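Each of the two complexes below includes chain A, the first together with chain B, the second together with chain C.
Entry: the complex of A and B
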């Protein structure tokens, strides 16, 4: 009992410490190079956490989440343009609207995509992503097509430019984690895990699998859409192939796998490790196409060396130690 | 009307090429239960290999297949042994990540060596044409179609007339049972992957003559190929061939009737429509799939 309480206290202290550190990080290191890296890392913490709700808890591997990311960005950009909202803090108020629109779209997509399972589902999500990319390119009168869509210019200058986006991404990442945590503890989350382990058995014991899957899909997509919309405002100009980017879709998946599929903190860990590495590679080798080769090498190493992810591997190691420790003592006794 | 007819004929001819590429992809899925997201990149790699042989040694692109198909076969076997075989848990999901990473690596390498400029392989038969009724057909479409037909025929002969083909089909039906009756499924898997790559090389040549390509072209290609094999039913060779022909005909007709920019969109519309009626695809069996 005591041990359990100690662990909880320790975790709470750790959580508060990490949160405080992320809150004051811009004050410690205000250079735009650092905060820019922090914005993208937090973005991927949020994306990976959101993806994990569908891919990790429910077991449905979506490679099309970049589609929701891009949809959110276009939704916010078009809203701001139609309502003639100027740059500043006001656009952030429309982020939930962009999320809501993405969620609505995801409900439609999920309605037919979730009729399929396993490999077919993976392929349908890939197809959906390319369909969205094509739509963004072809509906020129709405999206601007290949010429791109502009956002209102944020009025901030110099080192301060990144700060509002940093806190927006942080807020979304924390929101994603809170949602993920509460799902994990709820009956709904238990149902999702049951679907992942054996959907037919879950159906047999009365889990409303179809409704649960669709709900998880919509929650996941809504979070991704909101993050995408902040990203759009941050980069201020979006193009179909750069915002509906398959690389964004695969990166969040890989981060979840690296940290630990279906765990609460795995996606965070994966994003914090991989995203700075990716940014560093893109910064140093981005001029040539070599950074893609290096990405691919990092990806392959991660998958081959850590197929189960860091958190499950470490957890097993600790459990093994615990199990073998008393046995060793017993064995040592004469 | 002539335009539509011409589009339909062209659709069948290019559909044959897609049928070959998609059969490789669906064969790999059938044997290993993995989705090879890198298939498009390997097709493009095949196109680049033939391009290099054609540009530097002036070897006819179709003749260059004598070199590129074995090379790609060996590459496929190596990729399977090094990257796919070690996957034990979560195979279906991890294999997607692995093959995607392979695609990225190939895209990066090609971009590094060839830049992202668009290239095209040219030969006399990609401009010379002959008349059929009211329109003319370029020779390359006929040659490409015949080539793909020949390779597909060879694959079917191998699958249904040889002992090794029997081993492949047994592995596709039931991996564990195949193992129990003494089939070396690891070896079958590696060779099936190699065959898939060899078909990618052949498809790549025809793709490279009939289209301009750059290292990023594989995204467009893979989304079409994946759609085709889902429509045909995952793991069904027959389904993949029929779906490829049907889709390309519809796409080409859409291009002339509506607009070329919407041609690829038809793929997705049909995918949605078919999945609503038959989630298992046209020829797929309804199996209890688990991740």
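Entry: the complex of A and C
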């Protein structure tokens, strides 16, 4: 009991320390190269956490979440244009609206997509993403098509430019983690994990699997849409092929697999490892997409060495050591 | 008055008639055995009652309400639980969590709130103690022995207090000592008000436990009654031993 309490206290202290450090990071290191890296890392922390709510908890692997990311970006861009909102802090107020619109769209997509399971679901989500990309390219009067869609210019200059986006991404990452944490400890979350283990069995004990999956899908997409909308405002100009980019979807999936599928902190760990590495490669070797080689290598290593990801593998290792320690002591006793 | 009434139920899989105009009546408060040779349609009848597969024809009423066309989760919500031929549990959840999964009459608040779990946890622990597997409460379902899984599956289905439980081969693959424990627990649960319908091949288990036995052959009911009467029924002997 004491051990459990100590562990919880230690975790709470660690969490407060990490959060404090994250809050003051722009003050410690305000250079735009650093804060830009931090903005993208936090973006992927949020994206991977949001994806994990669907993919990790229910086991339904969606490779189409980049569609929600792009939809959120277009939703905010169009809202700001239609409402003639100028650059500044005001666009951030419309981020939840972009998320809500994305959630509504996800409800429609999920209604059909979640009639399928396993590989079919994966294919349906990919098809949805490419459909959305095609729509963004072809609905030129609405989205600007290949010419892109512009956002109002943020008024900030120099090193400060990234700071509002940094805190917006931090808020969304914390929101995603809070949602993920509360789902994980609820009966709804347990139902999602049961669906992941055996959907038919879950149905047999009353879990309304379709409603649960759809709810998780919509929550996940809403968070991704909100993050996509902040990204759109950050880059100020969005194009279909870059904002509805399969690589964004694959990145969030890979981060979750690396850190630990279905765990709370796995997606965070995966994002914190992979995104800075990807940006480092981009800074040092140009826009060569060399990071794709890194991603492939990481994916292969994860599948071969730690199919459950870092956190579950380390947890298992610690449990094994703890279990074997008393046995070893008993063996050494005279 | 029967608790479950199945009338003229039929199901075909392509050219194979799995259930053929079958009519069954399950009285409330008893333990009824559903027996028949391999391939006689017993598990298909379970799947039809619990909404896992759709019937071609017929009607199913539970507590005088029509339940055909409902999905498995809605059937469970109405009060019918089931187990599977091969014990199915959630392997990556702990034994305790396995018992916390069942959902019946849960409001939205109860589903999304982390609070209010203590009552359910206490109830789950009581169930594990009742089944004599409380020592594995924190162990992952996948690490349990087959016998423990069988007990855990029974415990999970009982958690939300269903009025009728359909057990598909509860004695299958279980050692004699555990078999006796399962039979004992089923009698206790039955005495507390749960009605059971059991598909089983172990005849001594069925004859000792069940108050009524229904025999199906080629998807139809061919006999029903007290175990002793059914055992000597010529149609039953013919189905099991005949050509």
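Keep this in mind: the second predicted complex is superposed on the first by the 315 of 334 C-alpha atoms of A that agree within 3 Å, B and C clash if a C-alpha of one lies under 4 Å from a C-alpha of the other, contacts with A are read in each partner's own complex, and residues count from 1 in each chain.
Basically, a contact is a pair of C-beta atoms (placed from the backbone, for glycine too) under 8 Å apart; a residue touches a chain by one contact, two chains touch by 3 or more.
It should be emphasised that the depicted structure is a prediction, and the values quoted were computed from it without experimental measurement.
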Inset, instruction - Check the residue A:115 against both partner chains and state whether it touches chain B (first), chain C (second), both, or neither. - result: first
Inset, instruction - State whether A:273 touches chain B only (first), chain C only (second), both chains, or neither. - result: neither
Inset, instruction - Would you sort A:306 into first (chain B), second (chain C), both or neither based on which partner it touches? - result: neither
Inset, instruction - With the two complexes superposed on chain A, say which partner A:81 touches: chain B (first), chain C (second), both, or neither. - result: neither
Legend entry - Touching partner for A:107 - first (chain B), second (chain C), both, neither: neither
Legend entry - If touched residues of chain A are counted for chain B and for chain C, the larger one: B
Inset, instruction - State whether A:290 touches chain B only (first), chain C only (second), both chains, or neither. - result: first
Legend entry - Touched partner set for A:194, first chain B, second chain C, both or neither: second
Inset, instruction - Go through the superposed model and pick first if A:207 touches only chain B, second if only chain C, both, or neither. - result: second
Inset, instruction - Please identify the positions on chain A that touch both chain B and chain C, taking each partner from its own complex. - result: 196, 198, 200
Legend entry - Residue ranges of chain C touching chain A (in the complex, touch as defined): 50, 52, 71-74, 76-77, 81-82, 84, 88-93, 97, 100-104, 106, 110-114, 117, 141, 156-157, 159-160
Legend entry - Touch list for chain A against partner chain C, complex: 182, 185-188, 190-191, 193-194, 196-198, 200-209
Inset, instruction - Would you tell me which residues of chain A are touching chain B in their complex? - result: 55, 59-61, 63, 112-113, 115-120, 122-124, 126-128, 130-131, 134-135, 137-138, 196, 198-200, 246-247, 250, 253-254, 257, 261, 288-297, 299-300, 303-304, 307-308
Inset, instruction - Note which residues of chain B are touching chain A in the complex, please. - result: 29, 33, 35, 37, 83, 86-90, 92-94, 96-98, 100-105, 107-112, 116, 215, 219-220, 222-223, 226-227, 229-230, 234, 261-262, 264-265, 267-268, 271-272, 275-276, 279-281, 288-291
